[in-house]
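First subunit A sits with subunit B, and in the next complex the same chain sits with subunit C.
Showing the complex of A and B:
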């Protein structure tokens, strides 16, 4: 698949200019920062809370901004214009993900600094965060493609915030119900298990399973996203 | 003549409704082909099939000798300019920024922006936000965007629908200039004056079928009632059949200095459409 950096950059610049005038979407950036600031007032912030802030950043910044950008393109009939240009699928999806990725990285660094996240320099954790970032960007694109407007995207993100953003907080609630055990295989739970293992100074072999599950989710989401994207280029 | 579009027995069915019923036509390189029909006749569906946004139920459509189902790839899309009902603009950006994005996507110089804005007469408002534009101005920006990369084949779906006569005339002039440069234009419209003034050939589409296809002049001749009307100085009119038997009468009116005007009674394309389909073109 060909990628033209010139086209990716052009789409990024366009999205940046548009988003800078969209206060509704911009204010979502404040959610994780606000949480980090509130919890950061405590003497020590538990790893669980820090991970919740990380997951909320992924959901409300990466996934939501991404879904909002795509859904608005659909709502205003501009996505088809991009699809009918010589830009490849990779150019368009890459360009459209770049802004939410940059915003996520910036927001997350600030949140981690505010909450004094001590594992910030762990290469294994950074790799897991990077894979998660791709997963949430893909998920946001998928939500944007499934919904028809910015308003619908704003509603569609709500269950995602509860399940993937705050789900790990309810771990104790789901433990008595074996039927809900599958939730532990969600990427947010896997990221938490991986982080706890990294804190215990586990070897790479010990965390490989967590990496495998997160990567599996990421690959699945990317395949579904590209498939849905290609279907959306048709009016059938 | 080299054909750019070749449609063979094209059928499109949505649920159980046949929208296109065995369409058959060719569009030749460098011509302006008018696709005329009332709303719901299947004009936009045809454009969407030709640009790969819909697939045919049966039959085939080729664009640049490539099946329309495969035209939706970057190597072919750069040859096409498309303006349809689902062509949108970025509302929070200026006209210039909207066009600049497409310059990058099509890899053309931003200098082209000035050229296309001049054609649609918007060069003085290029820094205006799209959200503040009227419907007609928005339509002109979309047209400008479709022209940016100087496409070989231009699909225009009702390009002047929201424009006033002055701007429509300017767009028509621009389309004729593009034709001079060798651009092939597939134009849908229900404006008969537009079709008459710019199209080399027109096809009448009604109920999913092409009812007529020819040059506008040929159609007018074919459906002419072969009469002429003489308008006389006393305000009366005389209708005479064309032919040598009436030459003497015309001569006598002229000798008596009674004629204000003489014109042949050719039908308009609108009259022909009504004659052929039994309904108005709206």
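Showing the complex of A and C:
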């Protein structure tokens, strides 16, 4: 699969211009900023809250923007045209991901500045954040492919926001139920454990364990996404 | 050099034949129309768009066979009827996107000129009229610059100006040696846009006789000049007139002929064409082909009659076996005649 930077750029510019006029999607970008601002008023922001804001940024910016622009492409019947053009799968997904990734990085930096996140210089954590970014971009693509319109995509993102965005808040809630224990292996929990481990300067092996789980999730999502994309490519 | 070759392509849907196996070759610089129903059109488009695998026969686009790997997309441009556009972009950004996407050398200026969109350069796409959106979609094909253009109902519901622009674009592409296939269900648009018309339906592919009105006149002029007595040939076709052109139909194609507002109309499938002859004249010509004057203003092709419906003792209808199942009045005194014809007594 060959990637043409010109086409990726063309798709990126097109999506950027379209998104800049789409108030509906743009307002979701404000959610994590608003949360960061509200919680940032406190003297010290706990690590848990900071992590929640990071996770919410991933879900509501990376995953939602990604799913919204793909679902809209299907809703407006333009995806077929793109697929029949010389742009390859990698070009199309690349151009779209570029947009959501840039938006995420921007929002994330602002949020972290507001909540005064001090661990950002840890290389392991930084790397974990990057891998998570890929995971959520893949997840967004998947949601975009599964849904048929912008509206559907914004409904589908709601459970994801609850589970992956705010799930860590419910940790106490799920503890009495061993059945729900598996939730702790979700990438958002893993990211939190990893951050805590980094903070208390735990052994490298422990950090690596959490890191491995996040990477596993990412690889899984990417595989599923590519398969679904191939299968669905001409349906709509 | 042919840009489209269809070899033994056929399509069945469960037990129904959408279209039987046929051959078609379109050379570069040719503009043809495939007159067909929505089913047929959809089946063909699904095949070329790679949405549906081709089990019977082969389709070649230029030198690329349509397979799963979709390598033929580089030689193919399709204008779908329900093609999408990015509504929030302005026309200029939209065209720029196409240009970049296809890495085209075509200048923006020439595309503005061909599609006549320069006045709307900064208008948002969602504010454009349907006709203008159609032109914008056509621009995509121009940037793509493939060898074969397939246009699905290109002039459906568009205004007169856009139709003219479309004709210009088609002749521009024709000069560049591109092949163009217009898929339409509308005879009139097929005639205005293309030189050669094929009808594709469950009975197969059939070329339609067409004769340009003007050249026809010249021929008769020539005959008069040479002062020859034309040998009377048994004339077997029904001439109808659409705009400037005369189309000749085989009597067997015709479902029925109807006369209203002082003009006879030849009905074929779902369409009607004004005919130059009066009903009486047509009756005289067509009786030998199994046509029957069933009403003061109707002549029906008896071969196509499926059912004689008796409404009351004195009112009858003929039901035809065409797709729409047309019903034609049968007058009461003609009923006796029909019974004679059918040797029912």
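As a convention for this text, the second predicted complex is superposed on the first by the 234 of 236 C-alpha atoms of A that agree within 3 Å, B and C clash if a C-alpha of one lies under 4 Å from a C-alpha of the other, contacts with A are read in each partner's own complex, and residues count from 1 in each chain.
Following the convention adopted for this analysis, a residue touches a chain if its C-beta (ideal position, glycine included) is under 8 Å from a C-beta of that chain, and two chains touch if they have at least 3 such contacts.
Since this is a predicted model, take the numbers as computed values, not measurements.
Look at subunit A after the overlay: subunit B and subunit C clash there. When the shared chain is aligned, no partner comes close enough to touch A:200: not subunit B, not subunit C.
Judged by the touch definition given at the top, the superposed model places A:77 against both subunit B and subunit C.
Contacts of A:172 after superposition on the shared chain: neither subunit B nor subunit C is touched. In the superposition on chain A, contact of A:88 is made with subunit B only, not with subunit C. In the superposition on chain A, A:18 makes contact with both subunit B and subunit C. Across the two superposed structures, the residue set of subunit A contacted by subunit B and also by subunit C is 6-7, 9-11, 13-14, 17-18, 21-22, 76-78, 80-82, 84-87, 234-235. For subunit C in complex with subunit A, the touching residues are 49-51, 73-74, 76, 78, 80, 82-89, 93, 97, 100-103, 140, 144.
Residues of subunit A touching subunit C in their complex: 4, 6-7, 9-11, 13-14, 17-18, 21-22, 73, 76-82, 84-87, 234-235. For subunit B in complex with subunit A, the touching residues are 48, 51-55, 72, 74-75, 77-78, 80, 82, 86-93, 97, 100-102, 104-107, 145. Across the interface of their complex, subunit B is touched by residues 2, 6-7, 9-11, 13-14, 17-18, 21-22, 76-78, 80-82, 84-88, 233-236 of subunit A.
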